[in-house]
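Okay, so chain A shows up in both of these, paired with chain B first and chain C after.
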Partner chain A sequence: MSKIFKGVLGPFLLIFLLLVARFIFPHKVTFITELSIFTIYVMGNDILYGYLGLVSFGQPFYLSVGAYSAAIYLAYLGHSPLVALVAGIISGFIVGMVLGPFFIRLRGDYFALINAAICAIGLFIVEKLLIGITRGDDGLWYRSRMGVTPILDIRMPNNFFYFALLILLIILLLYKFMDHSVLGVSFRAIRVNERKMRFLGYDTFKIKWIGFSLASILSAISGALYAINFGFVNPSLGEPSRAAEVLVATLIGGAGTVYGPFFGAFGFLGIKDLVSKYIERWELFVGILTILVLFKFSKGIWGGVDFFIIEKLKTKIKSFKQKRYPI
Partner chain B sequence: MQIDLWLSAVIFGFSVSGILFLVSLGISIGFGLMRIVNMEQMLYYTFGAYMTYTMLTWTGNYWLGMVAAIVVAAFLGFIVETQLLRRVYGREMMFTMVVTFSVFLIGIGLVQYIWGLDPKPVPSPTQFMVPIFGVKMPIYRLLVISIALFVYILVQIFLNKTIIGKAIRAGIENPQNVQGLGINIYKIFTLTFVVASGLAGLGGALNAPLTMTGPYMGFDMLLFAFITVILGGLGSIKGTLVSALILGQVISIGGTIWSPLSFVAPFVVMFFVILIRPTGLYGVAGKAFGFE
Partner chain C sequence: MLSKTNEKILVVQNLNVSYQKLKVLFDVSIEVNTGEVVAIVGRNGAGKTTLFRTIAGFIKKDSGSIFFKSKDIGSLPAYEVAQLGLKYIPQDKQVFSDLEVRENLELGSYATKDYNWDVVLEYFPKLKTLLKRKAGHLSGGERQMLLIAMALLGNPELVLMDEPTEGLAPHVINDLSHAFKEINKKTTLVIIEQNLPLTAEIANRVYSMKEGKIIAETVDKDDIKKMVFEKYL
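Now for the complex of A and B:
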């Protein structure tokens, strides 16, 4: 029982802190909502970068897949935002399953670039090819078509905040479960030495395929949430040049950890919020920050916190226990 | 009328090929020799284009701007290589990719800081038109083609006839053995990098009158340059030339058929080539390049 409790405590604590933050800073609701959505997006990239050791320059594509499936459902087919979210998840799953086998047999650098290629192709499809459906650069607007959902009317930004937190909580719990499961361990083993994994009899192709699909699903969920939150989508969501954002956020937070994506998203969005007040564009800042993180703090924010505070606390508790009960 | 249109599209395509070749040569050699993914190569291209603009507004002479572009790009390449990339050699590919990409971001930030956000127009140095088979072509495009050809011949002579060039080719095959022969491979790395970034600056200077000079011009070119390198095969200069020729035609003729195709057609070509033949057209499937 205590084991289950231990695994669940962290995500609940994080969500509780976010709730507290919402009441302390009431005018920051939109920021916290965006933070929780972005965290899910970063988690998707973290599975690829932190766990499997694959860099992808095409994550915006998977984001826009989820966003556009939700948007097209809401604009043409139905009214329920919840079904739109499910549509986003299913589209992410299908894209991950279909593209996975072709992409993951490529070597790391080719994987990064073929993702950039599919991102450019996706932007083209959305912007030019399906212009009759997606309305191109004007974007697709459907806020007035969104219907009332049972229990919580998520059309209101205040209510959507709770909805986003709920989704984040569910995903954090599942993510933590994955981190401790055989799957998470095999992901990390593949990053360290894929050949040895194959030698031990694991089908690394399948494991990578699962990881790729999971990453694609998480990005699509995040995209669908963006679409429901804003009430419109436009092609700029899937621009290849925005691929750096999610990568940098993953690095800042600490790759390959459960809470790293949250802190990365927090750090990145917070810096963006602060810096954009003083500097018009923040590429310079993001670049310097990434170089610093890569060379000096390779563990990221959460890695540092984990290393300096939690590990030390644990050893202190251990020594304290040993003092009280000498063996 | 129809024939004229296609003929001018083909010549236009050759000039695009020339610029693609100049810009992606550095990435190709960097991949083959130093085993790093040079994302920031496009920085020198952007700086080259902007230096041309600055010299043009100061002195009114385009050719002076071109020389300044080459010098500044080579100098920037020298600084980046000796100060940062030295620490990256031998690390895993993903790490170098993210490092060079963030150098690229810093460079874009610097460009925005120095020259501002709005695009700068660079006028073409000559407005002469030359009739070829009855089609009037701007002489500037022909000039771009001939400069790219000239650079290709120079690079081939440099690599095949001089001792440093031979050392570079040996380094592409096996860096450890070159070092074992008593050659300082890091000096060769620096030299190659400086030459490659100078060529990227030249590409930027040549492309400045053909496109809009803006802070994000490197981003689009980055994708195209990587497509060129991958299509041709990493580390192969001949492959880079051939794929630049193919892609130039794909961009130009695709754009003539339907203008959005000029952006997306190269990606589609690369997509299928990678899926069918992951080593590229002239790539070598060997342990040195990570393929087994």
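Now for the complex of A and C:
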């Protein structure tokens, strides 16, 4: 099996399974769409936490940057959801490039707290300062202004489902490529020993800046997709109290892995979707799952799946081949 | 093959360094010629590691100058010093423990664009058999070999090694000693070493440090063999 085929197999298989799930559970289209978008959001946080070892309490800010950029474009400037997505990507890039040099100088708890601070500032800006544009707590509505997109009219929820899967596939492929690239290895090496990287001649500041910007872009893409999907945004998207959601999802999925963000998003949204029907405080189960992961499965759900199923399957196939072809 | 010359690859002049108000290096001056193995000896707290860390760009100097290949590197950040061809191997023996040996070497390669591992694996053949192993699972000696191998990728002209044999078994020290001689055929070495017989065996010049000062310089090979620098410790 060629390396390229092996590299793209996982992402394609995951998207295929989501497509199959859509037909087996047709009433879960909204859930799978939300899962795809949330996975991208978790991936952004995973670059910071899983790869670079930086905890951020401000990811909702970057999410709302993308969401409001797309929303403001659709509400006032244009009609194309695709251009709105591009606006989200550009805003995420700009925010990452501008804030990165200031934030990544800070270590550990200071980095986490400055992000919490920017999140609070961001909330104030959209809720109060720019109330004339964002309409504050009432939110911004623009669904009727959204125009038809070529090939697939993504204004329709059923079509948007395919569009979200396509974006997830592209990002998963790029994410996997990054994981195996110099950049991915450099991220992980910085998490283990940043000083050692400098001994080797790496400008770790630049590498962390790139990581921060990528995280910001992914969060903004996710925000823009939310904005296009729902047809409205309100400040609750960027509330600092929601910062724990993406952190917990990253942790339970398996930090620093390609598929961990998907499983984290699935675990988090799955509990929310399933348990919230019966118990108001569904977060209790997320808490229990998080404790389980922290104490028993440090590599998260994906780490468990990888170890207990995939690795054992590989070993069985290997031993089967050896029995069949002993030489 | 690197021959010993009188061309000075590293010149440190009147270096003064402090940790906040605590002064730790006092007018330190050393010279290293191309092709030499220079040893720096001294008791704990003499300032040897501080000297290395300052040369490598990790600590800011108060005053004095540091020239590498006639270029003033005294105010350059660590990664730029490394990119110029001056590598520092600290004494902590910390590798990228989560990564495989192969990935650790790849990181050395990416930084220097030197993807030819034949030479460094020739120095440390044992690493060939450990390429797939997580670096965190290596023994102390193997870690040291990996660290030196990573530092040597890109053919640095000068390598600073901080107590490379500390805590290692005698047979590993023996292997490393042999490797140092081989490495010195291509690279100038400056080594902080507490193992005096090893120092006497490989060094061409020995600086003795005490309380943040250079108190003696021994260049005579016979004196080095006789370990006369021991009296300054």
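In the analysis below, the second predicted complex is superposed on the first by the 312 of 327 C-alpha atoms of A that agree within 3 Å, B and C clash if a C-alpha of one lies under 4 Å from a C-alpha of the other, contacts with A are read in each partner's own complex, and residues count from 1 in each chain.
Just so we're on the same page, a contact is a pair of C-beta atoms (placed from the backbone, for glycine too) under 8 Å apart; a residue touches a chain by one contact, two chains touch by 3 or more.
Please read these numbers as outputs of a predicted model, since none were measured by experiment.
Colleague: After the match on chain A, would you call chain B and chain C a fit or a clash?
Modeller: Because the two structures are overlaid on the shared chain, the partners are seen to fit without clashing.
Colleague: With both structures placed on chain A, which of the two partners, chain B or chain C, ends up touching more residues of chain A?
Modeller: Comparing chain B with chain C, the partner touching more chain A residues is B.
Colleague: First (chain B), second (chain C), both or neither: which does A:I288 touch?
Modeller: After superposition on chain A, A:I288 lies in contact with chain B alone.
Colleague: After lining up the shared chain so the two structures overlap, which partner does A:M197 touch, if you call chain B first and chain C second: first, second, both or neither?
Modeller: Second partner only.
Colleague: Tell me which partner A:V258 touches in the superposition: chain B (first), chain C (second), both or neither.
Modeller: So A:V258 meets neither chain B nor chain C here.
Colleague: What is the contact status of A:R188 with respect to chain B (first) and chain C (second): first, second, both, or neither?
Modeller: The answer is second: A:R188 touches chain C but not chain B.
Colleague: With the two complexes overlaid on chain A, check the angle at chain A between chain B and chain C, Cα centres, nearest 10°.
Modeller: About 80 degrees, rounded to the nearest 10.
Colleague: Could you state the shortest Cα distance, in Å, between chain B and chain C after the structures are superposed?
Modeller: Superposition on chain A places chain B and chain C at a least C-alpha distance of 9 Å.
Colleague: Along chain A, where are the residues that touch chain C in the complex?
Modeller: For this pair, the touching residues of chain A are 182, 185-186, 188-189, 191-193, 195-204.
Colleague: Under the definition above, what is the set of chain C residues touching chain A in their complex?
Modeller: Per the stated touch rule, the residues are 56, 58, 77-79, 82-83, 87-90, 94-99, 103, 106-108, 110-112, 150-151, 154.
Colleague: Of all residues in chain A, which touch chain B in the complex?
Modeller: Within the complex, chain A touches chain B at residues 49, 53-55, 102, 106-110, 112-114, 116-118, 120-121, 124, 127-128, 240-241, 244, 247-248, 251, 280-288, 290-291, 294-295.
Colleague: Applying the document's contact rule, which stretches of chain B touch chain A when the two form their complex?
Modeller: Per the touch definition, chain B meets chain A at residues 37, 84, 87, 93-95, 97-99, 101-110, 112-113, 117, 215-216, 219, 223, 226-227, 230, 260, 263-264, 267-268, 270-271, 274-275, 278, 290-291.
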